[in-house]
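Heads up, there are several structures right after this.
The following pair of complexes shares a single chain, chain A, combined with chain B in the former and chain C in the latter.
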Partner chain A sequence: MAQRDSKIYGSRAMKKSILLYRRLLIANWNALIEYRGDFITQIISSLVFSLNHIIIVLLLTSKVPSVYGWSRGELILLASTYNVFIGIFHTFISRNLDQIADDIYFGKLDYVLLKPIDSQLATVIWKINYISLIRVLFGLTLTVYLMGTLHIIITVPMIVVYFFVIITGVYMLYSFWLPFITLMIFNPRLSNIVIFLFNITNVARYPKEMYARLPLYIFVPLLPLALILTTPTKVLLQKFTFELGFLFFAVCIVLGLFARFIWKLSLRHYTSASS
Partner chain B sequence: MRYFRIFLLHFQDVFQNRGRSFIYFLMALLNPALQLLFWSGAIASNAGIESYWSFSDMASYYLLLTIATSFLVVHIEQDVAFLDIKEGRLSKFLLHPFPYFISKFMEELPWRIIQGLFGLGAFMLFIIITRISISFISNPLQIIVALVICLLALGISYTLKMILGLLALWTTDFWGILSIEEVIFLIFGGFVMPLTYYPELLEKVSYFLPIAYIVYFPVIAVQGKLTINEMYQVVIVQLIWVGVLYGLYRLIWHRGIRKYTGVGQ
Partner chain C sequence: MHTYLQIIKGTIEEYTTYRVSFILWRVRLVVQLLVVYFMWWAILAGHQELFGYTQGAMLTYVLFSSFVRPFVMGTRTQEVGELIRSGNLSNYLVRPMRFLGFCASRDIADKLLNVIFAVSEIIVLYVLLRPQLFIQTSAVVILLSFVALVMGMVLFFYFSLLISYLGFWTPDVWAPRFLSFVFAEFFTGALFPLDILSAPLYLVSQSLPFYYFIYFPLKVYLGQLSSMAMLQGFLIGIVWTAGLWALERIAWSRGLRAYTAEGK
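Our next item is the complex of A and B:
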């Protein structure tokens, strides 16, 4: 009887969560289309950002045929994967973390902590930036085109693994950002840390091999960023190895646990007194 | 004297927020560091690249780029657009008995000085650690002209960013303008790589725009890549840009201020 009740309760809770997220999706969509002028400007800026790194790679490789064992085409494929990845990250994660940074700065985090859901989950569910899906679409279109030029056949298992690795990478990047944002609990004046995190994510745009030349004390902290794009791109290039996969998931688990630990630890020091 | 006092007041504020300044500096450092790492690999694996610039030239370019970005690239446009125009704080400045243009400059200058000093520190640390020999100008006349180039670059940067900020008087969403500006600065400002490496057409377009005169030309002037005559030419072009941009600023200010309602947006 108790088991049945628990199942019913679990099912209701799940239904409630889905309903809540559906409402959030609608609310975010309505907020987006409220000002049509802004909507168009945001589309243009999203397209500009999508093109940005592609242009940079084209410029950088205009004089060199290959770098760190990556050909020009492969580097552009990495750049297009960046668009897919960062599009998903900006759609679901980054704006929420930006908001959390603001909440800490203004002492409003209490409102998030009082919600009847897990406090860490509450850091990422409220805002959905639909515009960033344009970057995902742009990245995917370019990826398919580049796969054709590189004469690589796209298979279903490849697509499944690619998206699985991308989603895991998004979680990895979230786990990388969160401890930095919690620094604001200790020093709320560091409100520009989010802009810094946007910048440091640029590390992921270049191949992992580039960072292997660095001293170990610089390479190790950058490893998660170096892995999040190189790994899915290697899946597409059919260069994905067991060692790379193991390293990728090991880093993801360690970083995820670390982020959770730091978040819980930091909350104990939250005074709600703002800056 | 009153401007100096305004400067000192803002300097205190910026110094109190040195943690924020350091993070901004790290942002200025990151991009050149990544490009340098990229080029170190490119030079190592492609012998032909060496015929353009050597690794020490590249290293000095990107390190000077970090300092120049910290000292010369102004970020006042967000303050102007979001704090002053969108939130209505411009009213306060309109009541001040001195121009908005100078007032904001005194607000921005301490940020540039503190971040520039961080840049200088990082530059010296890099040279001490790596012991790379880096070439600079040593002729006193060239040093003076290079300083003039840097000051004019700051003038162009500041005036251009003020113009961009004032555009918020006509738009409801300023982020679009900011993102487009960021990409244009990256591509045409020499932030990706020296403009001489660019395809010919893009190189010519870059020289035509004011952005290259903010960071690229000051950097190569300090590096000693320009002859004294070329440095004079850069000064003349910069003077023209400062004049044109200031005229444009005045025009936009007088037209835009009529649209300002004083209650924010």
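Our next item is the complex of A and C:
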């Protein structure tokens, strides 16, 4: 009986969560289309930004057959994967973390913490930036085209692993950002932390081999960023090795646990005094 | 003059008050520079010369662009759009000073700090990375590079102000600023020297103001421009500066007529 009740309760809770998330999706969509001019300029900006990096890679590799062991086609594939990856990250994660930074600054994090859900989960569910899905679509289209030109056959397991690694990478980047954002709990004046993170994330645009010459004390902190794109691209290129997979998932787990630990630790120091 | 000196002093104090933010800002710029530096280092590896540049010339270009970029493009004028949108501009209009002078003073403070830190960072990076650098020895060329740098700085100042003035007519200044900076990022030559572009695209870039922000002063410094090309560059740059100055004056006076301070 108790088991049946818990099943019914679990299913109701799940339904409630889905309904709530659906409402959030609709609310975010309505907020987006409220200002039409803004909506259109955002679409154009997103497209221009997607193209910009591809053009730069095309240009830089126009006179060299390969860079850091990556051929021109492979580097463009990396750039298109960057669009898929960063599109997903900006759609679901970055705006929420930006909002959390604002909430900490203005002492409004209490509203998030009082919600009946896990506090860390509550850092990422409120805002959905639909415009960034354009980058995902653009990246996916280009990726499929490039796979054809590179004569690589797309298989279902490849697609599954690719998206699994991309999603894991998004979680890795989220875990990289969160401890930095929580620094604001200790120093609310760090108002440029989000811009800092946006810029640091650019490291991910290039293969990890590019940073091999960096001193170890710079390379190690940047390693998660250097891995998040190199790994899914190597899945597509069928160069995904056990060692790379192990390193990728090990870094992801360590970073995830670290972010969780820092978040919990920081909350103990949160005073909402900034307001 | 005393007023504007006080604004410069106040802006510097503002930066030094938020020390950790300031450090983060510098770290961000150094990481940005390192990414571009290693990208070029990897591309040039194994090549004596690429795109008409030796490794030394290219790495000099990349390292020095990190100095020129904040000097030219370090600005506080992006705040003007928000001042207009929020209606806070009124607070500045009633003060006994010229708003343009206020903006210029804030920018000077920004650039002063930027330059001091950029120079020290370049020295540290030079010691750590030991790249082959091209050092210009001709005093005339160095002087001309400085003039080109100041021209780029003035051009950028008016360009950025004009985008912020859009706030007089639209509440959304972010998108045009963002778009213009994506184009600027491409056409200033911050990531790569513009002469590696295809000939028609390079010709287009020469007619844009972005060309004079970073690329032109650096090319003058590297001594890679003929006297004719240099003269042509300075002339077009001066025309752009005069054009943007005139546009700024028109936009400011028309904008003030449209300004309703409705944010407050």
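Operating definition for what follows: the second predicted complex is superposed on the first by the 274 of 275 C-alpha atoms of A that agree within 3 Å, B and C clash if a C-alpha of one lies under 4 Å from a C-alpha of the other, contacts with A are read in each partner's own complex, and residues count from 1 in each chain.
Please note the rule applied: a contact is a pair of C-beta atoms (placed from the backbone, for glycine too) under 8 Å apart; a residue touches a chain by one contact, two chains touch by 3 or more.
Every value quoted in this text rests on a predicted model; they were computed, and no experiment measured them.
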Partners on chain A (chain B, chain C) - clash or fit: clash
Which of chain B and chain C A:Gln238 touches, first, second, both or neither: neither
Which superposed partner A:Pro65 touches (first chain B, second chain C, both, neither): first
Touched partner set for A:Asp38, first chain B, second chain C, both or neither: both
First, second, both or neither for A:Ser191, with chain B first and chain C second: both
First (chain B), second (chain C), both or neither touched by A:Ser272: neither
Residues of chain A contacting chain B in one complex and chain C in the other: 35, 37-38, 41-42, 44-45, 48-49, 52, 55-56, 59-60, 62-64, 67-68, 187, 189-193, 195-196, 199-200, 202-203, 205-206, 209-211, 213-214
Touch list for chain B against partner chain A, complex: 17, 19-20, 23-24, 26-27, 30-31, 34-35, 37-38, 40-42, 45-46, 48-49, 52, 171-173, 175-180, 183, 186-187, 192-193, 197-199, 202
Touch list for chain C against partner chain A, complex: 18, 20-21, 24-25, 27-28, 31-32, 34-35, 38-39, 41-43, 47, 50-51, 128, 170-172, 175-176, 178-179, 182-183, 185-186, 191-192, 196-197
Chain A - residues contacting chain C, complex: 35, 37-38, 41-42, 44-45, 48-49, 52, 55-56, 59-64, 67-68, 187, 189-193, 195-196, 199-200, 202-203, 205-206, 209-211, 213-215, 218
Residue ranges of chain A in contact with chain B within the complex: 35, 37-38, 41-42, 44-45, 48-49, 51-52, 55-56, 59-60, 62-68, 187, 189-193, 195-196, 199-200, 202-203, 205-206, 209-211, 213-214
